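Each structure below appears as structure tokens.
Two complexes follow with subunit A in common, the first pairing it with subunit B and the second with subunit C.
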Partner chain A sequence: MISNLINRKLFTLLKVQYSNMLEYRVEIALWAISGIIPFFMLNIWTNNNLNEYINISDVMLSRYFLCAFFIRQFSVVWVVFSFEEDSLMGKVSPYLIQPLNPFFRYFAQHLAEQITRFPFALIIAFFFFIFNPESIWIPNLGILLLSIVSTFLSFLIQFLIQSIVACLCFWTEKASSIERLLFIPTLFLSGLLAPVVSFPAYVKSWIYLTPFPYLIDFPANLLSGNETNISGGLSMQILWIFLLFPLFKKIWSEGTKKYTAMGS
Partner chain B sequence: MNLRKYLKVYKKFLHTSLASELEYKTNILVDLITAILSLIGSIFLLSIFFQNNGYIGGWEFEQALIIQGIYTILNGITNTWFNPNLTEIVKHIREGTLDFVLLKPIDSQFFISLKKINPSGILEIMLGYCLLCFCIRINQININLSFLTLSMITISCSICILYSLWFFISTTTIWFVKTWNATEVLRSFLYIGRFPLNSFSFSLRIFFSVFIPIAFITTIPSEVFLGLSQLWKILLEVIVAAVFLITSRKFWLFALKFYSSASS
Partner chain C sequence: MVQNIIDVRNLSKSFDISTKEPGLKGTIKHFFRRETKSLKVIKDISFEIKEGEIVGFLGANGAGKTTILKMLCGLIYPSEGSILVSGHLPFRRKENFLKNITLIMGQKQQLIWDLPPIESFYLNASIYDLDKIEAKKRIKKLSEMLEIDEELFIPVRKLSLGQRMKSELLAALIHEPNILFLDEPTLGLDINAQRNLRKFLQKYNKETNATICLTSHYMKDITSLCKRVICVQEGSISYDGKLDLLLKKLSPVKEILIVCRSEEDAIKLENSGFTVKNKIKNEITIKIENNSITSSLKTILNNFDIEDLFINEPPIDEIIGKILIKKDYDI
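Up next is the complex of A and B:
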């Protein structure tokens, strides 16, 4: 009964947000283009033969970076920025009265945006294959499903982390600068710019304990068919979600108690 | 006389925007940490590229650090002046407040480009400057008058090109209204300015020197630092900078003819 209600609400939200997002097609296309940094990195790697030292062939590396591009496309989160704007503008107050956690709204927004973004990402991948025809491959169905799951889990981890940061808006009003700070380790350690395999040993010794390699490196390796520990990666992703979710609930309930509307 | 008026106005701009930005003091501290971490991250990435290879595109690690230093300075300038001001254009046009700017007895481009300042970017400029000084020491560059003038000329040309690119993209808002993400695309392209141009494949090199002259922005000043640059390259950069500045000015005046305020 309760889950049914949430399902219906979530579905309606998703429908509304999807039609909303469709209005901003050009913007989303531009956003998809702005994610092409992995391709530039691929160019540096292969053009200087850097991948010889980490035993990944050109083709495997190009698949890796293409997958990294895809995973990034479907795990971009910007909830902090939306929430900060809404809370500064006082839009959060009406949301709080509704019998639904406002973060469901943002969650639906993100999912709708991903659906809108999908065709653009496909077009970019199509162009990538025109320039690199040798790297075309078809992952088998099981791997494909698993990597979709792990991409979604990666999205969930980032969504939870950002929601926790967003809740700091209740205290500081400007939480987006903290998010920009957290983005730096995400950028450099997640495997978006260089596969984690290539990292020096002193980083590799501790990086697998942090959530970062599970955001892009693990799903990208999984999808591209590079060597990776599937069950270990998935369980670490789930572990991080189980660690972050109670934290979010705690900070949310503390924050809403703290919340005072603008002008009060 | 005219110049004195503009100087006086600019002093007021500085005063007001600093006063409002300094209200968020912790924000500035967080931004400083972000800048430091981002520099560490990109040096880490460079060290991954160099860990098994002495040269990337003909550049040694110590030499590539100069590019990082110049990129950090330019990024700081972007964050101090270009980013806060030129994203404001989008807001002006969406809400129709550009009317008020146009009515003022002052040049609209001057007003729009310099109104705001973000003090945390200045810390980034200082950080880049320190890195450059360090690079001058480890590369044993001897400082003389011609080196100083040439590096000053090339870096100021880079700033002009960078400004024109930002301004150009922001101006297109007059037609497209929402170009938040166009600046994101520019930002991700600028990211490759962290690496020597020669490390990319031939086609990308052409793209980044003809269509979006990112090549000129960091590589040529770095070559001046190392005393490798030919005179024709420096002259070319001066010409490109001049062309960009003049075109962006003309483009702004042209675009204003199409401005029709909000909801009209």
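Up next is the complex of A and C:
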């Protein structure tokens, strides 16, 4: 049954959503460009020699922020906004009476968008290397594969967190405001603005207990070749998925009982 | 014996509605303390529907028709009572149940806006576990029935409302459900599109013996599709039975326009004991009870010099309108 779901339903969903995303290729290119925060942060870090405090060379830091940019490109999640709109407008109603959880549609949308983003992200990386030729490196195949797995796991964690928040629509209608609250720790603790290693030791020990450093910091360190605990990082990512998935299932099952099919 | 496919017992549904007083004071009060009240929109209703039946749900806006359909298809949970649809509890939304039903809402769409409908059809086909060959066969069959062809390959956003509605129907029926819940399916369609849609639904019902539950404010939808209607008034069922019986009950008299040869004949007829609605020169309109039409017409034709005669059926919209406007209308 699961293989059927992955083989047929999800594959068709992905194909259709990819065709749909290609209709929005200009918007997706702009979204890709809008994700260049890590490059600004790199500039701030190197201009102020902040990397000296954490014993990371300029080259490794620029690789870290380039990887952070890449990981972010392939783990951006917006399901809470889509679901909130669909839920409030009643668009989710036809999907609810189909034998497939509507979140698979959003999941496929995200994957399709990532595939569409890929060439734009590559172009941005190409320009990054033109301006930072000393940062060019080729990660070994094993690390590259593990980084892809880790990026996908990061995407899954974010997708599950946002899906849980999205399900709050069944109670509050404006679940996206809760997501705004979550955006703050995601921004500061994920490693998007600064590598987590730069935080004071006592803060770091707490941060590593949350899912946030496994969203950007861990996969970015892994891909850029910085020192990191690979098995520990991957285990934590998997652990968070195992914790979040049943929570999502529970909140979904309770939430759909509250659904009033407004707007339809 | 045809068995019941839908069985509803003592069904009720309440919604929590937050209330707010008007003005700034009300807004501030609402900000600090939300007041909610429970609104019972469906009140202890029971009915059953047999396999293959087409049943129309009639009622004014807000009477509860759509809420009933939403509960029948499992979209919302009932507050009290029980529903069995095709042997399933709808709100559990089991795969076997979902594969048997469809819901079409006139004002809502499931087609992907920027892609041609064919993409949504194949997507739905895979969601319902149809292989590509079977999906192709069904798309061909349904598109022939719905008389759509090249529209299948044009992005949905470029289709007219009628074409879009046909495509919505195709998407909703690709898994060949045997229970259709249609909530105002002809909303916003022109007369031809409405007629085509009705023709299609009749054909679909005849070919597949599907059960259809329909709400519509267009009386033509109800009269041409439904033999049975359920009237919903403020969440309760005020009538459940044959449509023609309802019409007879609500409109026990017919109006007959009689054109006499002369004005004198018209005056004679006016004074002969019939209930006269109006008289203009040699034309007179009288009201006759349905059960005495034959005998009354015989009397008129034998005793008066008649040039022409027209029996006017009262407009059905007007008749049904009576039960929609008057809340305590006794049916």
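Note that in this section the second predicted complex is superposed on the first by the 258 of 264 C-alpha atoms of A that agree within 3 Å, B and C clash if a C-alpha of one lies under 4 Å from a C-alpha of the other, contacts with A are read in each partner's own complex, and residues count from 1 in each chain.
Here, a residue touches a chain if its C-beta (ideal position, glycine included) is under 8 Å from a C-beta of that chain, and two chains touch if they have at least 3 such contacts.
None of these values were measured; they are calculated from a predicted model.
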Subunit A: partner with more touched residues, subunit B or subunit C: B
Touching partner for A:T12 - first (subunit B), second (subunit C), both, neither: second
Which superposed partner A:L88 touches (first subunit B, second subunit C, both, neither): neither
First, second, both or neither for A:L122, with subunit B first and subunit C second: neither
Partner chain(s) touched by A:L144 [first = subunit B, second = subunit C, both, neither]: neither
Which superposed partner A:F40 touches (first subunit B, second subunit C, both, neither): first
First, second, both or neither for A:L239, with subunit B first and subunit C second: neither
Overlapping contact positions on subunit A, where the subunit C interface meets the subunit B interface: 24
Residues on subunit C engaged by subunit A in the complex (per definition of touch): 15, 70, 73-77, 91, 93, 95, 98-99, 101-103, 105, 107-110, 112, 114-115, 119-120, 122-124, 126-129, 172
Subunit C partner contacts - residues on subunit A that touch it in the complex: 4, 8-9, 11-13, 16, 19-20, 23-24, 90-91, 93-100, 256-261, 264
For the subunit A and subunit B complex, residues of the former touching the latter: 24, 26-28, 30-31, 33-37, 40, 43-44, 46-50, 52-53, 172, 174, 177-178, 180-181, 184-185, 187-188, 193-194, 198-200, 203
For the subunit B and subunit A complex, residues of the former touching the latter: 24, 26-27, 30-31, 33-34, 37-38, 41-42, 44-45, 47-49, 51-53, 56-57, 176, 178-182, 184-185, 187-188, 191-192, 195, 199-201, 204
